[in-house]
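Labels run A, B, C and D following the written order; every chain starts at residue 1.
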Amino acid sequence: MAYPKSLLQLNGIVPPMVTPLADYDSLDITGLEKLIEHIIAGGVNGLFILGTTGEAAALGYQLRRELIERTCQQVNSRIPVLVGITDTSYTESVRLAEHAAQKGAQALVIAPPYYYTASQDELLGYFEQLAKELPLPLFLYNMPGCTKMKIERETVRQAANIPGIIGLKDSSADMMYLQKLRQMMANRPDFPLFIGPEELLAEFILMGGNGGISAGANLFPELYVNLYNAAKAGDAAATRELQKKVIQISNNIYGATQHGSSCIKGLKYALCISGICSDQLAKPFHQLSQSEQKIIEHFLAEMPVVVAKRS
Amino acid sequence: MAYPKSLLQLNGIVPPMVTPLADYDSLDITGLEKLIEHIIAGGVNGLFILGTTGEAAALGYQLRRELIERTCQQVNSRIPVLVGITDTSYTESVRLAEHAAQKGAQALVIAPPYYYTASQDELLGYFEQLAKELPLPLFLYNMPGCTKMKIERETVRQAANIPGIIGLKDSSADMMYLQKLRQMMANRPDFPLFIGPEELLAEFILMGGNGGISAGANLFPELYVNLYNAAKAGDAAATRELQKKVIQISNNIYGATQHGSSCIKGLKYALCISGICSDQLAKPFHQLSQSEQKIIEHFLAEMPVVVAKRS
Amino acid sequence: MAYPKSLLQLNGIVPPMVTPLADYDSLDITGLEKLIEHIIAGGVNGLFILGTTGEAAALGYQLRRELIERTCQQVNSRIPVLVGITDTSYTESVRLAEHAAQKGAQALVIAPPYYYTASQDELLGYFEQLAKELPLPLFLYNMPGCTKMKIERETVRQAANIPGIIGLKDSSADMMYLQKLRQMMANRPDFPLFIGPEELLAEFILMGGNGGISAGANLFPELYVNLYNAAKAGDAAATRELQKKVIQISNNIYGATQHGSSCIKGLKYALCISGICSDQLAKPFHQLSQSEQKIIEHFLAEMPVVVAKRS
Amino acid sequence: MAYPKSLLQLNGIVPPMVTPLADYDSLDITGLEKLIEHIIAGGVNGLFILGTTGEAAALGYQLRRELIERTCQQVNSRIPVLVGITDTSYTESVRLAEHAAQKGAQALVIAPPYYYTASQDELLGYFEQLAKELPLPLFLYNMPGCTKMKIERETVRQAANIPGIIGLKDSSADMMYLQKLRQMMANRPDFPLFIGPEELLAEFILMGGNGGISAGANLFPELYVNLYNAAKAGDAAATRELQKKVIQISNNIYGATQHGSSCIKGLKYALCISGICSDQLAKPFHQLSQSEQKIIEHFLAEMPVVVAKRS
């Protein structure tokens, strides 16, 4: 398989897109289009749909398929579209991947199957079989907080030698793991490492990381692109300034409520009051309370970053 | 909804059936039929398919649907069939439940959606919505080791007041939780509590619990039925004797290998060499090594319990 | 070393005594005497001081020494006194043990050193060295919630062959561990197993366990002695009745507040309003709030168990 | 209390000194002197004794006192000496602090009491009482891996307003926590934040952190000082180069063995074969196996950093 060069050199900011919903089982189609345009206008390097931030696991398969099709159509090859196919069932992962390829996506992203835990050997075998069978190149996704299973460094090292596996996103928030992995993979510049938690993006790029799958880039794509560029250029002072805003976003938007879903809820509400898309959540999530909403409203009113409103 | 009386008084041993596979994505149909007959012949009170032991999460949806249909046909109403509909997607849980009702299952079983974590309020709301929409009565399933989310006692207490929610299976292996729950629900004899881990079945029944969803009852159904009866009758000495065998099974069959899948792997291999069904596993699991197989072979040869072979 | 027969057959209820304090660094001497008499009057089989419930780790060494001396004097050989010597420093454990022997204690109790974690090999070596050097027989104490380190079953099995190591207290609340351990040690009736968490005492004794180190026996010693006797006699129905009260105590006295210290705080407050000893806590613990106190007051007023008041 | 200006502006590298032992309960006095000189010669900004790396919790009190006295004497005010007084007993912490003040130490370091867990309120009250009673200024020490209790950010913020509490060392390895804390304390340049895990030192200083309590600086003090200086100057490229060596040290010296003690064991063995001090460990730790020793020997032979040998 020959991959497009743009994909093999993927780096920078690739937002994990939230899934705009009209109802728990149907898309907010206008919101989806606006959101994609808003993100692309921010200068990002790719778009990752059906990840954790995209509530993928909570969506019905029909909806996931529709989202893939509409997103690929709207993006229209301006930037690479990466599609999450994480599933507890191998069969369903492969089926979704085939759909993604047909609709024009550029790459796939997979975290370990996450109901049972497996051995690292089993995990490596799983990646190997997938890579053989999948119609598109594959990024691994380390997300132990949701999957209970870490992709150990040695497993990454071996998986990186499998044709078709082309990079990794790490959302462990464990910088000890990630810095050691980065150094272990230093001789593999063709295997980019992306970081999930945006609070750690600045230091990861300063230390040589390749990019960020930053949730906040749904809302403020330019901020994350600027931060990436400053850090990439080794400008520690400018990076620290931009990082302050990222932490404020984390404290005020994701910190408005609790539980694993807090980032999604905060982001969707912020996007909603910014006129971009609906704040509807997939089940079983409940919307923010009024007092939690106020925290976000107040923050956005004060936030010294212009939020493009395209209503 | 009026439920059959037999279901509302469900107690005793309800084996969580393994799913006999010919290949990772197709059923071992002959094995399935033999296994069902083997289990029913042991005198159990019900059959639970598509649970953790059934590898449900790892199976494709088409296969799950076929399993439901074939199982209901084979059981042919001799005992109640309970169908696991645990899913990260509400939509897919409901769809599978509708299929189960059409094919003749008696009840459904659901654990919390398990990729994200949610608040207990969200979980209670989720159960409430499901109960309204589902065509069959529902057992809750507490399985924090796989779902990362506990169904807290207070949530169980409230959920037990929702029409259509008729009992709970607890696989936390946390007897502090379960004993306190049992006492909290003492005034609800119509809401049975079942225990998953069979190593704790004896003491749970001695203390007043209602039954066991015991994986080992795939292999030795009579043993678990006898243990249940002894404990139910308050015969502590006989219970302790039978419990010894249960612990031996756990040590030798489930303990032959490690990881979360060890019980499934051990059971399937033991069923295979007992001539009942295939030991094929769903992906990403690997089969036992030869040395692990030897442990089980040796144990079964020594085990002073007759394993019915019906080939 | 020849141990007194009474000690080698130790079983039944051995309360882990709270340490009555006048101030965070001085004993409530009158309270100590009353408490000891109250406990002994309840028919218990031994007394364990300087355990977790005794706040041992939080006490200064001078106070620990004084407590040992006064307790041995007051008990005056009516029942065996077991002294906790758990410490992160081997040297300090040995020094305290020597003091305990001089003052007349009958046995020692030790949990793993708990700041660092060590390998099971290191732990076994540690027990071996201690047993050689200590002047009194030693019980092991598995308390992973506080020590972060489990004493694995295989380590217990090997340690049980070391002369001078004569039993184990398990406070893991992990019945899977304890039931498997009980069965593994079935051929060692001379090596008694005690359970810490009293909520699980009933089932542990019904299943063949040797005794309980039950914190609630500070307050209601007869209740735990009666429960032990009923369960030992295999009377499941009577055991369940008594167990109800134990769970009520747990819910209302230990559950009045939260955190690891809730049992100690609840017990000390209940002992205080029962006229037995002061409710002063060691640092850094704060006393119960008024609303938490009310829960306990209300419960004790309603509790259908007579609390002996000996003021 | 007026603190010396040098102390209030403490930053840079402050090695957590290993404790050279002749035997588990006696000091390697010659090794101690050599080690102190080796470290000071490396240009560090302070010396922290009786921390985690110093095996403090495992040492007898008499030995701790002797170590304080000898270290203060040898350092002779060339750099500030910080003394760990972490203890489960408030009384013993205060006693050790008084000894440290008498012998000439400049500051104290304390982690939460670590057998029980306490509430954050109790923890804050504990720090407040200590600060009033202690004769020297106090650094807080967040080390949840050993203490099971996190000092939450809000607790740090409040504690930083207590006179006598002058900074914090964080060894959580949780950069999300630490970066958010750093930003929360941005208006408190007088309250320095130090990082424990040296694998994360580079990024912490690049992002604005104040210093590192880096265990590897026992062995290669200049390396950590150089890394600190490069990162402080915002030179990302030079920082990354030096960071490579730090990761190699971590992989080869601390990674030679496992368990919580691996860093101490690796360091002591490396110091021993570098001719600096004994590799004797406190109980219950066992020395490295020969194959583990070989990994370290091989690494040191290859390591392109000159290890000063001052025998």
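Following the convention adopted for this analysis, a residue touches a chain if its C-beta (ideal position, glycine included) is under 8 Å from a C-beta of that chain, and two chains touch if they have at least 3 such contacts.
Since the model is a prediction, treat every value here as computed from it, not as a measurement.
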Q) Using direct touches as single steps, what is the fewest number of steps from subunit B over to subunit D? A) 2
**Q.** Between B-C and A-B, the pair joined by more C-beta contacts
**A.** A-B
Q.
Report the inter-centroid distance (CA atoms only) between subunit A and subunit C in whole Å.
A. 51
Q | subunit B and subunit C: spacing of chain centres that average the CA atoms, whole Å | A | 37
Q. Where does subunit B touch two or more other chains at once, residue-wise?
A. none
Q | Topology of the chain contact graph, where touching chains are joined (line, ring, star, complete, other) | A | ring
(Q) Help me check something: in the complex, which residues belonging to subunit D touch subunit C? (A) 24-25, 52, 55, 57-63, 88-92, 95, 112-119, 121-123, 125-126, 129, 146-148, 258-261, 282-286
Q) Any idea which subunit D residues touch subunit A in the complex? A) 173-176, 179-180, 183, 186, 197, 199-200, 202-204, 206-208, 234-237, 239-240, 243-244, 247, 250-251
